[in-house]
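Look at the two complexes coming up: subunit A is in both, with subunit B in one and subunit C in the other.
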Partner chain A sequence: MSAYQTGLIVQISITIMTVVAVFAMTGLAGMFSLGQAAYMAVGAYVTFVLSRFLDIPYPITGIISILISILLSWIIAVPTLKLRRDYFALITVGFSQMILALVLLFEDFTRGSIGFSKIPRMDNLLLVSLVGLALIIFWIRNLKYSRFGRMCIALKNDEIAARSFGIDVYHLKIKIYVLASAIASFAGILMALRNRVITPDSFGWAQSAEMQIFLFFGGTNSLTGAILSAGGLKLLPEFVRDVTLFGVSMQEYRTIIYAILIIIVINFRPQGILGEKEINFKWLKNLYRRFKQSILKKNESYD
Partner chain B sequence: MALQLTINGISIGAIYALIAVGFAVVFNIMRFSNFAHGGMISACAFISFFFQRAFDPPPPFFVTVLFSAVCGMGIALLIDTLGYRRIRLKNSPKIYYFLMSLTFAILIEQILTVFFGTDIYGFPSVFKSQTFEIGSMIFKTMNIVILAVSVVILVALVWMINKTKIGLAIRAVAINADTSRLMGINSSVIVTVIFIIAGVLAGVSGVFLGVQYGVFPSVGPSMMLKGFIASIIGGLGSLSGAIFAALALGLIEMFLTFFIGATEATVILFGIMLAFLFIRPQGIMGIIVEDKA
Partner chain C sequence: MTEQILKTHNLSKAFGGVCAVKDFNMEINAGRIRGIIGPNGAGKTTIFNLLSRIYKEDEGTIEFAGQDVTSKSQIEVARMGLSRTFQNTRLFVGLNVLDNVKVALDHDGKYSLFSALFKLPFRNKQERMIKEKAMSCLELLNLDEFAKLSPSNLSYGYQRRVEIARALANDPKVLMLDEPAAGLNPEETSMLMDFIKDIQAKYPNLAILVIEHRMELIMNLCDHIYVQDSGLTIAEGTPAEIQSNPKVLAAYLGEEE
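And then the complex of A and B:
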């Protein structure tokens, strides 16, 4: 496989990872966060800056960075989630701006807007990201069908009703936000390893918004929808790389295309492309069962 | 020195107040955070920049402001028709409004980026004399003009909402859209009026931001954040709270920027906002809007 293809696969799996994290938060619990890219920044910067200046191998600092993201998200969540939902979205926007301002502030360590480069090469990045992606998808899928996930869906549909059924809404929200942030920071570390250079621009609020757009395109209630739309929309610009419009490569227009697509989807099919449906292997099981039955019937007729 | 900083701070705060009020007005009626406001501001900044440059000699400044306000109004109504109308008619959950406003913010910013790049365009100078002196103090003409125009607009808006019949209708719809429809208020007209107000405010603040900070695609979204912070400190949905908070924010930011540094100021402001949420989540004005699930 060429380096381009490997890089593309890693990039797509990072995108899917972040969208799955957003699915856990927005799709399950109905919380609208715009600061997920900031946690990616925390993951990427803390890991490699600590590793460079304290001379610790980056897998260890990576774990530290995920812990720091967890702590940060907890600090943000505790005052905000007691209030109505709108505050949460606004605070997360402010938080992502603050993280980028901090990156610029500690210019001596992060090299500011020039970008932090010379990140060590990781040989089996493809394997690590694919395994990580599979684990995260498996985890979130199990979460969706667990007691925890059902409580989240109850909370999303009607918060007051959920509370009256004895669900601790506040702590549930904190938990799911912390979880999503931890996944985002892991994705951030992978992204730094893939690009081998990190700049504050790549973690702006537009990135966080892109995750939401991917999620809503596939359908907020469908995990497979989120995965498919994230992969598909991320891959889409690669096919039109050579097409130009007004003298600019179509790739430059990708966000505009995403925006127009989502405007159409929300207007005419607000539940997203897949809606409530999940793509799974139940139909295969049913097919097998029917097949077995038909063989049994045949055998019976032979008797 | 301190007086000059104060004047500059209040004039920045006045722009923040325009943004925060434009944001709070939509929030009051529609109960969602209109992220598209930042995109509208950017678009208006570019429109006014090209309008100002298109004529020789350049048109008077107030004509540019007026033109930008009209364009802002048009953009706001366009966004309402394309984005929010169907959601409103279908009575979809609030989260769709969030996503839609976000999408428009990104769409506008990206269109501007693709066609004009991320460079900062300097606004051509609008006044013959950039500064004037009173005694030993030197004031920038622009700051005074911004302050005056903003005060006039804000006072007019507050008067309209508190004293006129349409203002009464707006307040009624803000409390409950369905009940006010039963009382004979055409709430879809009120929504249109709200977007006209938001568009005009975005247009005016777009010109001012362009003059003060230069014109670039993310000028609106980055400044909109200050409007958010102001409306949170002022209490979401409270107009007078947002205005006071925005003026205070402008002052604090100006002093922090002068004595500590611009990047540090962003971090400190966010810290202030977070502290505010801990201590007094209902905002300065003390009106808390309950979350109706």
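And then the complex of A and C:
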């Protein structure tokens, strides 16, 4: 496999990871955040800045960075998850701006907008990314089909009704938000290892918005929808890399393409491509059966 | 059977200048059905919202299961066994009928988030127990054939029943139904009233409180009725007493004819 292909697979795994985490937070628990990329920044910067300046191996500082993200997200969640949902979304934007401001402020350590480079090479990054992705999908799938998933869907529908069944809406939301943020920071570490350089502009709110776009495109209520749409939409610009428009590669129009796609989907299929459907074994079996039947019918009509 | 389960004393609530509920006194015993009737805006739903602690009262006390619950939260009284439905259907979209019923049991589920994420054997065992309990609730109320359906595929009358089944899943002490027949056609309405009677037979220790604004509907359902008008209790008593009360006829029936 070429370095380009490996890099692409790692990149797509990272994207899917972050979107799966956003699925848990927004799709299941209805918390709309535009700050998840900030936790990627925390993962990336804390891991490699600490590793370099304290001379600690990065797997250890990586774990520290995830713990810091957990703490940070908890601190953010405790006061804001009591507020109305729209305030929560606004505060997450503010939070992500704050993290980036801190990166620029501590320029001596982070190299500011020049970017923090010379990140060590990780030989089995592809393997780690794929195993990490598989584990995260396994977790969130299990979450959806557990009592926590059901309670999340209930509170997303109607918090007052959820409370009337004894559901502690506030604490459940905190748990899910912290979980999603921890996953994002893990993805941030992988992203740094892939790019070998960390720059603040790869963690802006546009990055967080992209995660939401991918989720809404696939369908907020479908985990497999989120996975497929994240993978597909991330891959899409790669196909049009060599196509140029006004002398610029189509890849540069990525954001515009996404915006157009999301406008189309929201207008014609507001529940997302897959809606509430999950593509699983049973679904595939049904599809196969229907396919077989239609072929049989065709044969009959020839008789 | 004579155990008093829920009681209010001079319960009052105003919104801005509007008195939604004023000095409301009621009590209900285990195994009984009582009704609250009154025209639109009489304050019936506000009474339920006060009892279930969605609103905080301005004055008065609420005693539930032998405790003063005025300082308790909505979640706490729900967990103590005060269950309710809402005036408009609030089944959870994205969950099938069975999962909707499971939600009522989920706060009490024993497995942790950790065992949920890793799908540990303990989680599977607990999930099976939750499923059994939810299923037996649906079976008891003859709704089990709908378990796998999405609520939106059910008729309005059945959605109401599923909602009531869900409110019963956790074996509450008190069940409060806010206009359960609202939006139903006459046939569905009479079936729903039979359904509620059936519940009383199947849950002998349950106290049921029903809100309705059409008086004739709960006349042969309740033992005792409170008549509300503009926040005040204008009459209370057995259905027969209510029907012949001149105040009720004037203020309530009169305007409907």
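What we mean here is this: the second predicted complex is superposed on the first by the 282 of 303 C-alpha atoms of A that agree within 3 Å, B and C clash if a C-alpha of one lies under 4 Å from a C-alpha of the other, contacts with A are read in each partner's own complex, and residues count from 1 in each chain.
As a working rule, a residue touches a chain if its C-beta (ideal position, glycine included) is under 8 Å from a C-beta of that chain, and two chains touch if they have at least 3 such contacts.
Please read all numbers here as calculations on a predicted model, not as lab measurements.
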Partner chain in contact with A:Gly94 - subunit B first, subunit C second, else both or neither: first
Residue contacts with subunit A in the superposition, subunit B compared against subunit C: B
Partner chain(s) touched by A:Trp205 [first = subunit B, second = subunit C, both, neither]: first
Which superposed partner A:Asp86 touches (first subunit B, second subunit C, both, neither): first
Which of subunit B and subunit C A:Ile63 touches, first, second, both or neither: neither
Which superposed partner A:Phe216 touches (first subunit B, second subunit C, both, neither): first
Touched partner set for A:Ala134, first subunit B, second subunit C, both or neither: neither
Contacts of A:Ile160 with subunit B and subunit C, given as first, second, both or neither: both
Subunit B versus subunit C as contact partner of A:Ile262, first or second or both or neither: first
Touching partner for A:Val243 - first (subunit B), second (subunit C), both, neither: neither
Residues on subunit A lying within both footprints (that of subunit B and that of subunit C): 158, 160-161
Sites on subunit B touched by subunit A in the complex: 27, 31-33, 35, 82-83, 86-87, 90, 92, 94-96, 98-100, 102-107, 109-111, 114-115, 221-222, 225, 228-229, 232, 236, 263-264, 266-267, 270, 273-274, 277-278, 281, 289-291, 293
Sites on subunit A touched by subunit B in the complex: 26, 30, 32, 34, 76, 79-80, 82-87, 89-91, 93-95, 97-98, 101-102, 104-105, 158-161, 205-206, 209-210, 212-213, 216, 220, 246, 248, 252-253, 255-256, 259-260, 262-263, 266-268, 270
Residue ranges of subunit C in contact with subunit A within the complex: 52, 54, 74-75, 78-79, 83-84, 86, 90, 92-95, 99, 102-104, 106-109, 111, 113, 116-119, 123, 126-127, 130, 166, 170
Touch list for subunit A against partner subunit C, complex: 138-139, 142-143, 146-151, 153-154, 156-158, 160-168, 175, 179, 221, 276
